[in-house]
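Below: one structure in structure tokens.
First chain written, first letter: the chains are A, B, C and D, and each begins at residue 1.
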């Protein structure tokens, strides 16, 4: 089978990582890279011996030889570039977040469907060994009924002028949440503030309500003194903590819980605690991007479902947008029914 | 000067700690202890050689020999007991939270004023060496302009049937916030859920908005797999982290921050990061309760102001009550103007 | 059955903990406590309602009513007090280390045997849930062949004028080693230094060689900036780490190891690594001293073997003495054959 | 000024890092790389656009155009390759340890002197920001009189057939010790064991005695369940801990110590403890290898002294060799006078 021919737009911070992972995949040939800053494109191209190096994405769209185009540019440019690529009939992988608005995200998903090509979204974290292990535990019943998701993603961050802390950091948490928990959230509430001369929010707290008392909360912060990347998924039987700052034992599964024994009289409900072993499962050492690239290649070949597809990208953008709306209205709840429904 | 004569109502979990600290103060004599379970009162009385041991608080109110009565009983009983003690003309110390409602709290504060006695509230954490150090840094300008307060107080907790996780844990965070930051919060938003058969909320997120973009957030949770007691106070110049679970170096001061350089064109605002040394200041080793007891004794003697007085107790209860109201209305913001105003 | 009548000599730092644990045991009655400082004896006696309180141990030896005498005094006095108690025909529990010399330790063990009473040594750590769990793993084969024992016990410590850091701290490590590993060590090597004006060693490294390549190492240090209490027991199948400074998950069992596949040509030996889950087993919450007291009571009743008996005390003192001798001769190895043999 | 022309022998694990750092230095041109496995040389050469790529080092020695030859091959080959390079009149940088024997190390140092070229040794750790900060604190008197050096470097390691754990890991610790403390150690003692079918020692404890009670200790271990890279330098005024596994705050300076007040009667010496703030100084973010390369370039230009020169390489190899000798004689002390003297 001939190799999958890939072109990458954008050789800034993240693009070279994608080029590297595509270049290492045995069934892929990276045919072209481009960047407005031609020097960057040349540097990346030389390292991975890419035949075509260009300053403009037109070089990629024009040539009909590509199977997959990767869009690794700033968020504001995703929509136009992805639309052009999809229109050219190639499969597309777009960095997170898929677009700057739900409307655009839906248009891309719709276009991909119409053209019969794949739209993948680079929600890298869902491909980490840690999150895959959490998914396994959530799916096989080990955690019991899911109770809550709590994520803290804070550090002294790069203030960005065009996007706020939610659009910068929360796509990670929300894509993980979407991947682990699925379902249809009902409402979102968010509070955010901008400090000093910052034109955009640098701290935000997002709460997402689900049916059946499941609750998700995300704390993103560009003004925190120490880096924290911690995620808890609590269930009735066990709870998992994923601490990405740890050099090892990133995932810990706690055999802890509370049992409620029912009684005719609700005030007589008995609560019993359970505290057993903690296990830090061995995680496979695969790089998340390599797993993601392999999934995309297999999906193009028709051998696997895309793990992070356009619909996931749409759902994540809808939630970000709704969080932004809640902030704008002072933290009041925003109903998600229509939004999530449209992505289902 | 004759010693301060103290009586303690309630010898359950916390009462004996208070008896011990009052008994060790050189200017205090613990004259009486009582508990509905007489055995508990006897055990505590024997250990600290307390002359009067009783099953009923009436023994304390009747005898006119006491200067200060300590109420260390379940929250629901605080109001009646404190009212009786204040009415008897003694100074009173009440466990946190002061009462179950803002109205009751205000009545007690009012009564103490009318009778010319002190009403102290046992917000123990504000007397810890860690929080006193944070107060010093917040007050002397070391932190610069205050930006945010973020507190996480979670563990596998004791589910209580009568009060929820907010009334159980958040009095700590809110009293620390009130002590460190002061000021008049404008709005409170809270979301909480009850899981399993639990009749009360076991997880809650509380957001408190202040003028000038200062933001406070509290996460309390009885269903967390590992104990976390972490509080961040972020300022424009430095940020402090207080991690109470650490055996040492509980307080860390980070010389980290962001500077915004203004420009005619707001989109040209320049952001520069600063990252200097981290210092874990040496903390004095005094037990918080001993510091609190000493402040109360000195306040009774007229030598110091009460650090945690009835007004502080009223403010904390008002915030708890408003948080509860926000939960009841699905997380929508509750204006605090009137509430905080009434306590000012 | 009548309660075991216990008397305790020494109400300093450790004595009251023993009084408390004996007093709480349902089959024990603490009949007498004494301390050269009568005030201390009175304070302890009042708290636990002990009938006889004295300044001199003679009060305990004279009265024939005691079944067990506990010696909780400075090491230099252990020998005379324990000898008097054993001679009086009572069972005896002595703090660690049993005595200041191997000769004295053997004399006590011999005397106990002759009088038909029990000699117990308070090697408290072997009764902790953590060490009991390690013993279980070492005994049931989970660890495979034992490879090494490495213990670090350092902090900014209390310099003592009469004993050095080895006699102060290493009894803990050596008694744990003796309990976990048993067997007959062959040689001991130790290096220690005294800094500043210190009259005794404040840092020491002790190495103990066993047959079959098992190696033990102990680092004790009174001049360390942070407290470390960490012990590793490494085996061919698994390795256990016991970190006593952690508030939870003190014991971690690592499913890690190396397999050597033999080959005719030794240079072709193949090494394969294994890295599986890490498990932090749930530990029971019993206080070590309570477990120890219960073992002693049951041993006196003839229902259990003493876990930490005179022979263990002798072995520990012999190793401490041999370590001291190695330090004196500049770190050269000291053969243990005769020493350990005499204790067997 | 023309760029320094550099050739690198060995493109295995470490070589490419050196090529990268030399290639990025503005005053360097990497002219040639070679590796017995030509594919590896080609890969490295392509990435950094190196003109000459070869399978044999002869290509580098023959061409007279090189100023500096880097030897990044297995230890056993260092001597021959470095000797050939020095004989060809080029400056030489050799990976650690310099050679497999002290005799060879001295011969290289002597040859470099005779030929008037530089012999540098890649003791990378002495160029880390952490160790440079420690050196500053040790030199400027902040630590007071130095008391001890304690290093733990353990993990589940790569068993090597040709060298043991001492020759693999301890060059790091010993080169740091030599850099920080200097001076002339008097004696070395080492114990090591080989477990399972391992043909070489996989655990070793090394103790190095200095005049004036300064003591150094190194624990290296290939069989440890968790990675530890911790180094303490204790002084009379302060103590520094360097924990290389931490993602941030790798260096902590503890204002802790003990003061001994002299007295006519030595038994009346008074000990007082001091415990002040802990400071984690901000470290510069420079990569150690970049700092090292810059030092070498400047040394070749005559603008700086070599930080890690042939004499340092000789001293480290002498200590490794002496440690090996002590292991061979069962842990007995080996006098270092002659060895260290010859390197002075």
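The rule is simple: a contact is a pair of C-beta atoms (placed from the backbone, for glycine too) under 8 Å apart; a residue touches a chain by one contact, two chains touch by 3 or more.
Since the structure is predicted, the reported quantities are computational estimates derived from the model, not experimental observations.
Asks: Which one of the chains is farthest from chain B, going by Cα centres?
Replies: Computed centres place D farthest from chain B.
Asks: I want to compare two interfaces, B-C and C-D. Which one has more contacting C-beta pairs?
Replies: When the contacts at B-C and C-D are counted, C-D has more.
Asks: Can you compute the centre-to-centre distance for chain A and chain C, using the mean CA position of each chain? Integer Å is fine.
Replies: Between these chains, centre-to-centre, one finds 53 Å.
Asks: Report the inter-chain centroid distance for chain B and chain C in whole angstrom, where each centroid is the mean of the CA atoms.
Replies: The computed centroid separation for chain B versus chain C comes out at 43 Å.
Asks: Nearest whole angstrom, what separates the Cα centre of chain C from the Cα centre of chain D?
Replies: 39
Asks: Can you list the chain B residues in contact with two or more other chains?
Replies: In chain B, residues 226, 275, 278 touch at least two other chains, as defined above.
Asks: Give every residue of chain B touching chain C within the complex, in rising order.
Replies: 46-47, 49, 226-227, 245, 247-248
Asks: Using the touch definition from the top, list the residues of chain B that touch chain A in their complex.
Replies: Contacts found on chain B: 147-148, 150, 152, 156, 159, 161, 187, 189, 191, 193-199, 203, 205, 207, 209, 213-215, 217, 219, 221-226, 232, 234, 236, 239-241, 252, 254, 256, 258-262, 266-267, 269, 271, 273, 275, 278, 330-333.
Asks: For chain A, which residues count as touching chain C in their complex?
Replies: Going by the criterion above, the answer is residues 249, 255, 275-282.
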